[in-house]
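Presented below are the structures under discussion, each in the form of structure tokens.
Shared between the two complexes below is subunit A, which has subunit B as its partner in the first and subunit C in the second.
Right, the complex of A and B next:
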């Protein structure tokens, strides 16, 4: 009797799950599997009609492709720099928003705003802010006497990379603040009181209570932001299209150009596969650390 | 009625800092946070109501010498800006509704029913929330081409629904888990089947959670750029992010910064409104999706 009930529950369960699983298979599993398959072919829609099986040739080509390695380097610099800066600023904002002050709700709303706005539109905003002619960054730096002539921010390699990092930090810091704020709110206040009675300074409290107890949230936020930053496309496409001279070309931008501009589907697919593998590897490492930290701080 | 947990319940943790620091440093810090968050937006808003002469002035003219709406008028007169808005609205709304329709039952199954392999499914769902869309776009492009879906809302609605299903499952699952089980047990005693119970008892209770998830989905769909850029090439079908980004791309000589700023302001207004109305829900949803997952 109970076994038929269980069978029925199972059948209902699978029925409830089926639409979601089918959709995820179509939009996630198939494209990734298809890229894996395509990456073994030489298929260029621009030059050839029939795809030719070439085994691992695309991967061999990648190992000697300077533009690919440059894009990996750019992506890594972009990811590490923006996520680190976001963690620091995001922590600061979370600490501020966790204090009690009049109008806190309104300030929290304002602090979320950048995260909710369309990245592509924000890209145009920051491109305007960093404009070499009438951009406000140059204007402020000139007025302060820090520079003598305007910097062509988006036209020079290092300034361009810096510009897209600044824009990304602005856009996604709120995401980190939100997650860290939720973590801060779950730390019981009497911990701090007891610590303060013991004569600990606020900085000591931060290091000895806040940071360790916040570690799960910090790791989760870092993991999410790592994945998002590593796949960054819209912001850079809008601000620099990967330029100047490939200085801000991330892996996503390179994949997009390979497929859409050079119509090189085989090589584009191989790039997709490598990006996928790198991401999954990093996630596995992060998940390992996360489970350790969660075990150490108690599952929260 | 079962009370759903609100963020207000867990919101108090007294500050560790002494009073004197709090009186001086805290207001400064708050001002910094506000400045950081609003300055770029404010600059764009100011640009959008300046005359072209003010916009191009060097050194910069910070406040408009003359207030003008010419750029706003231009984006609606010279470009199909209403169509862009309508496209974004349609695509985001349809995919949000579909996403809730598909994701909620799945979330319930994963929260309550004992299924073999549900841990594995959950792990996969969690992992793919982290996948950047560039991993999908080549395969999807082939599908779109094979089915002739280019320049069709479906080419966006299907992927937008799918990319938000994982978040929907995570958020809704955590809400279902917070509902007391007695409720379902007593419904079963009263003779409700699983489907009936889901439709008549659980869904009404989870309306707040559905709203939360729906807002996150809508924001994500409204903002998506890569698929919209790749699958839609017809001007009248473009969504806001692509249409606005291409204003600067199509300019032959000088980039029209005034119209660009106006377009940015108009294109972000719906989202600003959402954030103002639902700040608390957005925070709840994000933390439920990321941390509890």
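Right, the complex of A and C next:
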């Protein structure tokens, strides 16, 4: 009896999953498979855009492609820096918004605004903010006497990378703080009261109660933001287009240039495949690592 | 070890919300004080002020003669059991109990021995590695209790610790609590709105209403000599009969009956007569002072019957009597006697108890 019930339940489960699985297959599996296939061909202006089977040539070419490795490095620096900063600031904002004070509702709404704005708009705005002639950042620094002459923010490698990180942090911190705020609100207040009676300082309560109980939300926010930041395209395209001299060129921007500007479809497909594999690997490692962290803090 | 004193304690949230208006009382070592009262009367607020989770608007909390009103909760060396238990969900039972000791930098060897002792005592030995989420309600309650006991605090505070247990378990844990705290030389303040808990556990009961202390006395006294009409009506189940009656000479008129007033106070124009249902009994034929009434409702409670009567010669006065099963009657009329030693008299306006006869 129970086994038939179980099989029936399992069948219902698969039935319910089917639409999502089909959708995933169409949206994810097919493009990936197609890219994999395409990456085995040479299809560019040199072949007059006709596919010529070349096996793994594209991958061999990639291993010696300095621009590719530079873009991987840029992407990694951008991802790690922006996600870390966003987590720290997002946590701070979430902690503040979790307190009760007059006008909290209005401030919560305002805080989410940057997340709701179109990225292209944000990119343009920040490009102006960091503009070397008319930008407000230089203006403020000059007035404060911190610099003698305006910095060409978007025209120098390191400042350019810094600028896009700042813009990305500004845009996506609200997302993290809202996610963390939801988590904070699910922690019962009497745990903090019990902990205070146990003799804990606010900082100890943060470490021993808030952080471990917030770990699921931190985990989700990190993984989600990691995937997003690793594929960053629009913000950087608008602000620097990957410049100067490829200093802010991320993998997505390089792929875009390869396919859309150089019309090198075969090589572009190979880049997509490798990026995909890197992303999946890093995500898997991060997920594993973070769940270990969670278990460790949880067991304490 | 440390006497607990509350001195003119007041908590004002807003001018309209003043759950504790002026509360003065003290709890000695070995004493088990219960704060009892209807919902919203300020019991939890009082407890939270003792704990340091709430700052009193006026007044002082003293522990061992020291004013701790300005001290943080962690510096007061009190332990509290929450109604929700407030167990740390991500920590094992052991770590839940160890938390307060670790934070106070106690050597881990001593922590271990204390937890072992308490967990043996509470039957938690096999649960030490589990998380609270994998425990039953009764086990969680015990862990919360254990977390307080290992602390060996100056004062124990418990806020309705049994209210989340089912009736059977509550009775069992109630008995255990009595044993546990009898062995502690520390003042205990226990909040409940369950009068059975208050009566069975406490050495002293503080009955609160409307932010004021109504009576502070032993359970026995609070039952036999309620200080006012509110206390009389609140304590005891079924509720005491409280009858507002006119007086003639030195009698109170209850329907056709004349109940003699005690000589200890001058007869007022009106008076409130109180008699507990369990103290009213069927009158013997030779008795002179009796009350007759028509039965309007009989509730069978097993060992006894709760009988509601409409008093003869009155329009609306009903009296309830709890008659043991042996006391039987015929027809739908009953004549009751109110033993004078169990009769209470209260002032009509102030509700205060009028002096007892010697």
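Following the convention adopted for this analysis, the second predicted complex is superposed on the first by the 254 of 300 C-alpha atoms of A that agree within 3 Å, B and C clash if a C-alpha of one lies under 4 Å from a C-alpha of the other, contacts with A are read in each partner's own complex, and residues count from 1 in each chain.
Quick note on the criterion: a contact is a pair of C-beta atoms (placed from the backbone, for glycine too) under 8 Å apart; a residue touches a chain by one contact, two chains touch by 3 or more.
In this text, all values refer to a predicted model and were calculated from it rather than measured experimentally.
When the two structures are aligned on the shared chain, A:197 is found in touch with subunit C, with no touch to subunit B.
Looking at the superposed arrangement, the partner reaching more residues of subunit A, out of subunit B and subunit C, is B.
When the two structures are aligned on the shared chain, A:145 is found in touch with neither subunit B nor subunit C. Applying the stated contact rule after C-alpha superposition, one finds that A:128 touches subunit B and leaves subunit C untouched.
In the superposition on chain A, contact is made by A:213 with subunit C only, not with subunit B. Residue contacts after overlaying the shared chain place A:188 against subunit B and subunit C alike.
After overlaying the two complexes on the shared chain, residue contacts for A:66 are found with neither subunit B nor subunit C. By the document's definition of touching, of the two partners only subunit B reaches A:32; subunit C does not. In the superposition on chain A, contact of A:255 is made with subunit B only, not with subunit C.
Within subunit A, the residues touching subunit B in one complex and subunit C in the other are 188, 193, 195-196. For subunit A in complex with subunit C, the touching residues are 188, 190-191, 193-201, 204, 208-209, 212-213, 297-300. The part of subunit A that touches subunit B in the complex is made up of residues 6, 9-10, 12-14, 16-17, 19-21, 23-24, 26-28, 30-35, 38, 89, 92-93, 96-101, 105, 107-114, 116-129, 131, 133-134, 136, 139, 142-143, 170, 173-175, 178-179, 181-189, 192-193, 195-196, 202, 205-206, 216-217, 220-221, 223-224, 227-228, 230-234, 237-238, 251-252, 255-256, 259-260, 265, 268-269, 272, 275-276, 279-280, 283. Taken together, the subunit B residues at the contact with subunit A in this complex read 7, 10-18, 21-22, 26-27, 29-30, 32-34, 36-38, 40-41, 43-44, 47, 55-60, 102-103, 105-106, 108-110, 113-116, 121, 124-125, 127-128, 130-143, 158-159, 161-163, 165-166, 169, 194-195, 219, 222-223, 225-226, 229-230, 240-242, 244-245, 247-248, 257, 260-261, 263-264, 267-268, 271-272, 274-276, 279-280, 282-283, 286-287, 290-291. Residues of subunit C that touch subunit A in their complex: 51-53, 72-75, 78-80, 82, 84, 86-92, 95, 99-100, 103-104, 147, 151.
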